[in-house]
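Right, I'll just put the structure down here and ask away after.
We just call them A, B and C in the order they show up, numbering each chain from 1.
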Amino acid sequence: MTGRSQVDQFIRAHRLRPVELLPWGVAVLAYFGFADYLPLGSQILIMILFAMSLDLVLGYAGIVTLGHAAFFGVGAYAAGIYAVHVSGEPLSGLLVGGLAAAIVGLVSGAVILRTTGLTLLMLTLAVTSLLSAAANDAGFITGGNDGLQGVAINPILDAFSFDMFGRTAYLYCLAVLFVSWLFVRRLVHSPFGRSLVGIRENVVRMHAIGAPVRRRLLTVYTISAGLAGIAGALLTQTTQFVGLTVLSFERSGAIVIMLVLGGAGRLYGAFVGATLYMIAQDQLAEIDPIFWDFWIGLLLVLIVLFARGGILGLADRVLLLIRRRR
Amino acid sequence: MSALVSILFHGLAYAMILYIISVGLSVTMGLMGFVNLAHGVFAMVGGYVTVILMNTCGVPFGLALLAAFIIVALLSMPLERTLYVRLYGAGELEQVLFTIGLVFMSVAVVRKLWGPLPQPIALPAMLSGQIDFGFRAFPTYRTFLIGIGFVLILLLWLGVDRTNFGARLRAAVDNRRMAESLGINTSRLFTLTFALGSGLAALGGGLGADILAIYPGYAMEYLVYFLMVVAVGGLGSIRGPFVAALLLGIGDTACKYLVPQLGAFFIYLAMIGLLLWRPAGLFGRA
Amino acid sequence: MTVALETIGLARRFGALVVANNIDFKLEAGARHALIGPNGAGKTTFVNLVTGRLSPSAGRILLNGTDVTRLRQEERVRRGLGRTFQINTLFKGLSVLENVCLAVGEHAGTGGEKFRLAGARRAVVEHAFALLERMGIVDDAGRLVKELPYGKQRLVEIAIALGLDPSVLLLDEPAAGVPSAENRVILDVIAQLPASVAVLIIEHDMELVFRFAQRITVLVQGAILMEGTPAEIAADPRVREVYLGERQHG
């Protein structure tokens, strides 16, 4: 293959490929095929959005964080408080949740992204713990330990009300996820997205080619926080409740696991990982909730030792083997 | 005034436990550059061993503590040699995920074996009650903790400053490649240090069973505290975490006492502030 | 003659250790200047100070007349400063073409664009491609950098710096450890650099230095020992002493 055709290949590499429409086909099929499981389906879609937001920060930019639940939780609470005190209109609630989370992301990012390594990890934990403590203490507005009750949501666009089978909720989440995906996909395939990969691969070199590293990191952190906040808002609106668990370390840990399980830094790892994790949790955690933790722990250890790219990484390796055999 | 003395006293006892548990983590993280989030498991297991031996086998407190130290230290060595060693060069994310996986597994096993409730601890009669110091009476057990804490710290600091092992350890923390070129067997040093740190954590877990309750969530819930002590103290430092433990122990006790509605909030805020002011820790290397 | 790069009293200390000692240095526009000195003399430290990777304890740095001492690395790069690293500092998991595209894109100001696809700016890709052609590695454009041998990686390292279209180019031992095939390419490329670019090259290969340089600065223990034309440097007994340890009596 000559160099010039490699240029053409490079220019085409970022365009949409047909296989990328597969998840949406599956999601639509699921709506019709798994009509009894739509509430679980909505949860899966929400977690995919949450994991996708984390992928921007962890997978692409390489920022190791155990505190992403902070933004999810802020979005959840903001949307809940908005619904209770201002208006039950869902779309503006989403906006409020996303905006609140993005502001928290911007402020905390500006402060903590100056650090790296263990210090940064600690700070992400500390910020989440801080917000969790604040939510607990401000019981008069957040409901404290009991959670925020009475979150009533109006019909979407005054036409689609939430039904008890979860049909509206599912389609609502699917629509939000789709729009978010369009945005994130464009972002990761843009020069900005590629520069994030550059920062992850070799930050020294990025500085030395004149890239404004800190500004890029803060930007992606803020965008990611906003998306996580929208996911949190979706959770509040579809379950009509917000509890302290949205700000827990367990929530941060679970979303990291979901992303790594699917494969970080490849956009669709979030789809694969979140789906598998949520389905497995739904089926297996019933059987033996204690040992759910054990298997997840073992899975993590095995992934790190043998399959660092997660499921999609394994799939890549298998495809490579198949191609070599030909 | 009396409240202040109480806060200082209880805070100091709490700080001792935090330090004894965390110092091993500080040294191994500084020495191996390895983010070990599973350190809390050693303290948890140490606590369980101590309490189970005492409650089920009637072993006296002191012996139970010693057994906890030895058992955990010995068990940690093959763990380090077989699993941890594969990840020394790996990235931060890998180390975090791996050690969290270990935590999940241990927590599940512990919960299966001994149930989700906190283990009851029956302090030896000699250590319960109060001691009268003339101007005030203090709980005997906390006084004992402070006392034994000082003794352990003294032994530790003398050991690191005066012994050959300590000298080699300090050299390897400072500059591993240089230490190796001087003929120091750093792999063996790692394993021994890891064992010592884990044993100390186990000891701390057992000693502190009254302050940090022994239950399956131990390894996760208190992890943030241990990490804060190490991060604020400075990785690889032996004295740094002591100052950090004092700040955290006394600060946390003060907040819980003086502003109970906002207790934890201020501590996290203070820790964030400290880490931003000194990202490498109070006594860390920049 | 305009001065492209100048340092005035540049110094850097680590406690009691002085790694840069009151360095007054001038790099003329279009210069071909070499920086030599024994190992540990502080040559790379000097480059790190000039590029902003390391902050000075004292002194000033002027780039094309502007005081850049307080500016961050990326600001200096945008004002025309480019460098290569002594050890290949590349995006190993990315393709050769993408490595250079990142640099060209940043220089073109399109590096932060969020709503175009990465390949969409054809001009950026074509420019990167042209650089690869010049370095002779165009057939490897699609391969990942980590798959390339050391010598070819070094060519990528230089291509990245050239992609920044710098007015001041700092080359830190560009040919070190490189097999002869790539070595020749590197020497050709350096020889053919535009006359408008001021080039400072750190090198140990004296043959390369004397062939390339119009002026040479000798750095010893963080301070400038002397500076002059190649002939002056070759004749100076102090330089010989520093390099060969010869003692001159009388």
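Keep in mind that, in the parts below, contacts are C-beta pairs under 8 Å (C-beta built on N, C-alpha and C of every residue); 3 or more make two chains touch, one makes a residue touch a chain.
Since we're looking at a predicted model, the values are computed, not measured.
For chain B, the chain with the farthest CA centroid is C. The most central chain, judged by C-alpha centres against the centre of all protein C-alpha atoms, is A.
Each chain gets a centre from the mean of its Cα atoms; for chain A and chain C, those two points are 42 Å apart.
Work out the mean CA point of chain B and of chain C, and you get 48 Å between them.
In terms of their C-alpha centroids, the spacing between chain A and chain B amounts to 34 Å. Taken together, the chain A residues at the contact with chain B in this complex read 58, 64, 66, 111-112, 114-115, 117-119, 121-123, 125-127, 129-130, 133-134, 137, 249-250, 253, 256-257, 260, 290-294, 296-301, 303-305, 308.
Within the complex formed with chain A, the residues of chain B that make contact are 29, 35, 83, 86-87, 90, 92-94, 96-98, 100-109, 111-112, 220, 224, 227-228, 230-231, 235, 261-265, 268-269, 271-272, 275-276, 279-281.
Chain C meets chain A in the complex at residues 51, 53, 72-75, 77-78, 83, 85, 89-95, 97-98, 101-103, 105-107, 110-122, 125-126, 129, 132-133, 138-139, 141-142, 160, 163-164. Interface of chain A with chain C (complex): residues 1-4, 6-7, 9-15, 186-187, 189-195, 197-198, 201-202, 204-213, 215-216.
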